[in-house]
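In what comes next, chain A is part of two complexes: it sits with chain B in the first one and with chain C in the second one.
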Partner chain A sequence: MWKYTFKRIVLGLVTIWFIATATFFAMHSVPGDPLSSDKATSERIRANLEAKYGLDQPLLSQYFIYLGNLAKGDLGISFTQENRSVNDIIREHFPISATLGILALAFAALGGILWGALTALYRNRWPDTVIMLLVILGISAPSFVVAAFSQYGIVNLNMWAGTNILPVGGWGSVGHMLIPAAVLGLSTMAYLTRLMRSSMLEVVNTDYVRTATAKGLPPALIFTRHQLRNAMLPVITVLGPAIAGITTGGFVVEIVFAIPGLGRFFVEAVQQLDYTVIMGTTVFYGAFLVGMVILVDIVYGVIDPRVRVDQ
Partner chain B sequence: MTPPPALDPALLTPLQREAQEPAMTRPSLSYWADAWRQLRANRQAMASLMLILMLVVFSTLGPVIWNVDPSSQDLDQVGIAPGADRSVTLWQPYRPWSGPSDSLQYSADTLHQLTLATSANTQAVRLAWVQQQDASAYRVYRNLYPVSEVGSLGLPLATLKTDSFEDRLDLSPTRYYYSIVGLNSEGQEVGTPSTIAVEVRRVITVENARARGLLGQDEAAEIGDRINLALHPLGTDYLGRDMLARLMHGGRVSLFIGLFAPLGFMLLGIVYGSVAGFIGGNVDQLLMRFADFVVALPFLLFMILLKVLFGIGPGESGIWPMLLAMVILLWPAPARLVRGQILQLREQGYVDASRLLGTPTAYLIGRHMLPNTLGVILVTLTFQVPGAIFTEAFLSFIGMGVAPPTPSWGAMCNEGIKSMLTRPHEILFPALLISATVLAFNLLGDGLRDALDARMRGSDSA
Partner chain C sequence: MSSSPLLSVRDLRVDFAAHGGRVQAVRGVSLDVHRGQTLAIVGESGCGKSVTVQSLMGLIPTPPGRIHGGSATLMGHDLLASKMIDGQDIRGRLVSMIFQDPMSSLNPTMNIGDQIAETLQVHKGLSHADAFRRAIELLDMSKIPEAGRRAKQYPFEFSGGMLQRAMIAMSIACEPAILIADEPTTALDVTIQAQILDLLKELQAETGMAIVLITHDLGVVARMADRVLVMYAGEIVEQGSVDDIFYRSAHPYTLGLRRAMPSNDPQMSQSLLAIEGSPPDLFDPPKGCGYHPRCEHAMQACLESPPAYGLDPGHSSRCWLHHEQTSQRPDALYFQSSQGADHDPLG
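Let's look at the complex of A and B:
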């Protein structure tokens, strides 16, 4: 188990290094830089600024400075927002994105497992048909459309009630989180429902379920202890990629609902060519995702011992 | 004991062989013929296939039939809903106005006797009122909704000392509520406002109508005649551009990306995965590690990088960088899938047999292995299409995809979302088309999987 965990972590670190390197060289191959602005700068000012940000050094030594700072956890200073470090930006805005993401994931996982189990239980009867129809619709609607229409729904709800039951946008209270989290988790939930359903149907035909039935265990016990627990394994595997999907989908929901999360910040930085913020948030997101995948792998190794042996 | 009955000799004659029995076999079905038969029996999948074909025809042949420039603006019909009234009255050119004529009759029912000086049309709304004793100036307001309480007079248009006002500010053919309030010498509003409702008529000059082809060059026309403006079956967007033409042209972008990006990265993934799977060992490990790294790369960043590297400035559309970014970043998933399949197939007896006969590696992969994975590949390809369409829509939505005025369904949603409450048709149509396309590909993918994947036959797992 320890060897397996250690291997996963080392591999994860190499992945983060790869992301950092790719991001660095990609960013530096882009023509134009943050110092070339509309305002005319004299040669001397430009040279001074370049020296300040270390842009006058050869590319390779810039790269090693960058890696060195990265190892210390320093992601640099924003180019467009003076005196604001990337670490500050992430520290301030990431918790918001993370809260939203965790809520969305919880919503997606609980809903997916519940609906999936329900459809398998009522296989080919009307609850199955209705839920699977909703699932296919949930998969087919783009997140920004769902976000926009749910916002429209909130407006109508508030107008109907005469008071503000739910805020239309912004961030702060629990009310601000509910609808955006549901919208963000919707497609993942739909996906997990499908996965859970097929996984449940597979488990129904296994020997241990037949044995349990033959022993005369109550159906409710067989359903919860034998079927549900085993059927949940594939769902846990896809939770890692699901986190990735939710973080990228977060951009849209954050923009539509005016939530001051990191995703929205990243899109803005990209539009302003704010090098350090782009590189910092990219590496941070990359590291976060790698960490999540490792975590899921380790959890999976704990739950299912066969994985450890295979690796 | 009775003797046995005499046997009929006819029973003892051997049976004659009758005519050739009808064969109990059907012509053998090939894998693909069988799959096609299965798919044809699947009503959902066939309906989806029809829908996809219709969407392709809509966006390829559509612009040929409905030949309207998707970026030309019809400023007389901005943001109109489908089926809106498009009649317009011919009118003389605009002439400056110096105030009401003396013969003007003021209506007696309103406080300030606010009245219309001439008939109201989209060229100008001319208001006149009776001077008031306690007011040294007046403020004119305009509102789209009936004035109910104080403070909801609407948009303040002007503050002036005369007894007349001409409004030419962005007039639409609708009903406006004009109000005037008297101001005292300190500039404070005094007295109660007086309001009139004004029905604004849409007008166009004869020259303008001829220039735009709404009226033939030789066609006789008189002031006051009613003609029709250009037809927009699905309405126009916030800049007065034809929605139907934009949906058709936007479909070209969305479907192009949706179909060709998956094709591109699937091909790359197939080559990569089959090489890794076939060679195996350390090379396989190394190649798959690299694929793992690529998965971790941030998509949005590379999208922007490619866009900049291609030198795409404002006003140009970034279809190719979008396509390339998807191909570069999304190949690892199919590569992993194909590798897994190849690893399984390698161990099959017929592959060993073929190898023993001295088959070259390339032929072995191309003849024996890939055809056997083609079913899985086809199913995956179908399921990748919705993802690619979503990605295009998402990128265009955040302004990283196609640049205006090129339409794409995602970009149209982005524009429509801003005026969702007042003009819902602007977001509804592109959103419906995206959803319909994605739904169709999802259902077709389900049908294909049931038809092609032999292991799935008979089970109804999702």
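Let's look at the complex of A and C:
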């Protein structure tokens, strides 16, 4: 298990290096730069920036300076926002995005497994039909549409109640988190429901479930110990990519609900060609995703003993 | 065998809903299982032998499956009505079962010891630690070396033969009265097959359990069985002691099976004879005797269902050839000793 974990982490670091390199060269192939914009920067700032990033040196030297800073954990200073380092931006705003993302993921995973198992148990009866219909809706509806509709719903609810039961936007209390997290996790949950359903239907007909029945185990035990655990394996496999879906989808939901998460900075930085913020947030998100995928792999190893063995 | 049977099945009928009709998998099977006895059910694929026992164990999916006739009594308890006695499942406790493919019959994400232990926890109320300790003893009884270490391993770390031993250990955990073995050695190679059969015999001698052995291998039958039921097209066509079936075959199908079995007896150097044709479509079974479309002795009467003709005590055959007015008396078949000549059936 330790060897397995170590191998995953080393591979993860290589992946992060690859992301950093690709981002760096992609950014430098974009025409124009922030220093040559209309709002001319002063000579001193320009000189300082050139000294720090080696902007007057060849691309390859810049690349090594960038990698050196990255290795020290220094993501640089924003080109457009005064006196803010990329590290500060991430430190302030990422916890908000992460809280939202984790809530959304928990909502999606628990909901997906629950609804999937339920539809499999009630296969071809009305609960199955109704849930699968909603699932198709959940997969097809874009998150900004669902977000807008849910805000409309919140407003109506508040008007009906006469007080503010749930806030329409912003950040701060648990009430601010619930609806955005549900909206953010919705399509992932719908996808996981489908996956769990088919996986569960496969497991129900396996020989080992027949063995469990022939042993005379109570149905609840057969369900939890022999069916659910095995049916969850494919769901856990896609949780890694699902985290990617939720973090990228987060940009849109954060903007609709006016949540001060990291997503907004990421999008704005691209519009303003803020090199350091773009590269910093991209590498950071990349590293975060790699970390999540490794975590999923480790969880997978815990649940399925066959994965643990090193070939 | 005068004592009352442990398990008594009468006229069991099972069918499955299929596209545009029902497949009649079991068409009136009656059988008795006696204490300490090994009953073999033989027949080719699709004759209904597995469905018979799986329907008794409640393992056929319903729907599409349906038990639509007959009765099954286990120690005075109506088995078809409920699998519970005093709130406890009889399966795994009074009757247990092992299956054809040990590779897929165990949960891949649970270690072997826990899978055996959970039977004991559920039926005997043991704690996990006690049940696990007992599981190691059971693995040891099933001749798995280093049982303590092996109990913590997972199915993918076992070979097929070892998994079948683990399945056997699991099935005898609660000392059942009946062990149903559904083709237990079909997926294993021949040397392992012999070891597994020996193990079953040994455990039977120790615990006195009855074994219901389902197989299509007459070699396995000869080695293990006390009594044999020959099934064809969802019906029992002949039943008797293992000697009755092998030396006094009274049904043309049994004879056909025997002729298709290889032998190393130099006197039987004739080439193997296959039974012509293929098993009937149970969607629309043949009228009368299910075997008549393939039978070399078929006659007009075979369009009616034949009764079971008792030949000797415990030996019976469902074939019109045993009717006293039938003109044919094929030499290779056995007829009731008082009527037939004293001939050697293998001659």
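In this section, the second predicted complex is superposed on the first by the 291 of 311 C-alpha atoms of A that agree within 3 Å, B and C clash if a C-alpha of one lies under 4 Å from a C-alpha of the other, contacts with A are read in each partner's own complex, and residues count from 1 in each chain.
Here is the rule we use: contacts are C-beta pairs under 8 Å (C-beta built on N, C-alpha and C of every residue); 3 or more make two chains touch, one makes a residue touch a chain.
Fair warning: this is a prediction, and the values are worked out from it, not measured in the lab.
Colleague: Aligned on chain A, chain B and chain C: do they clash or fit?
Modeller: After superposition on chain A, chain B vs chain C: fit, no clash.
Colleague: I'd like to know which partner A:25 touches here: chain B for first, chain C for second, both or neither.
Modeller: neither
Colleague: Check whether A:282 is in contact with chain B, with chain C, with both or with neither, and answer first, second, both or neither.
Modeller: A:282 sits against chain B, while chain C stays out of touch.
Colleague: Name the contact category of A:139: first (chain B only), second (chain C only), both, or neither.
Modeller: first
Colleague: With both complexes overlaid on chain A, does A:155 touch chain B (first), chain C (second), both or neither?
Modeller: first
Colleague: Between chain B and chain C, which makes contact with more of the residues in chain A?
Modeller: Chain A has more residues touched by B than by the other partner.
Colleague: Between the C-alpha centres of chain B and chain C, what angle is found at the C-alpha centre of chain A, to the nearest 10 degrees?
Modeller: 100
Colleague: After the superposition on A, what does A:229 contact: first (chain B), second (chain C), both or neither?
Modeller: In the superposed model, A:229 contacts chain C only, not chain B.
Colleague: Examine A:212 and indicate which partner it touches, taking first as chain B and second as chain C; both and neither are also allowed.
Modeller: second
Colleague: Using only CA atoms and the superposition described at the top, report the least gap between chain B and chain C in Å.
Modeller: Chain B and chain C, overlaid via chain A, are at closest 11 Å apart by C-alpha.
Colleague: Return the residues of chain A at which the contacts from chain B and from chain C coincide.
Modeller: none
Colleague: Over in the complex, which chain A residues touch chain B? Could you list them?
Modeller: That would be residues 11, 14-15, 18-19, 22-23, 26-27, 29-32, 123-124, 132, 136-137, 139-145, 148, 152, 155, 194-195, 197-198, 201-202, 248, 251-252, 255-256, 266-267, 270-271, 278, 282, 285-286, 289-290 of chain A.
Colleague: For the complex, which residues does chain B have touching chain A?
Modeller: Where chain B meets chain A, its residues are 289, 292-293, 296-302, 304-305, 308-309, 311, 386, 390, 393-394, 397-400, 410, 413-414, 417, 420-421, 427, 431, 434-436, 438-439, 442-443, 459-462.
Colleague: Quick one: which bits of chain A touch chain C in the complex? Just the residue numbers, please.
Modeller: 205-208, 210-218, 221, 225-226, 229-230, 233, 303-306
Colleague: Can you check the complex and tell me which residues of chain C touch chain A?
Modeller: 57-59, 61, 83, 88-93, 96-97, 99, 101, 104-111, 118-119, 122-123, 154, 156, 167, 170
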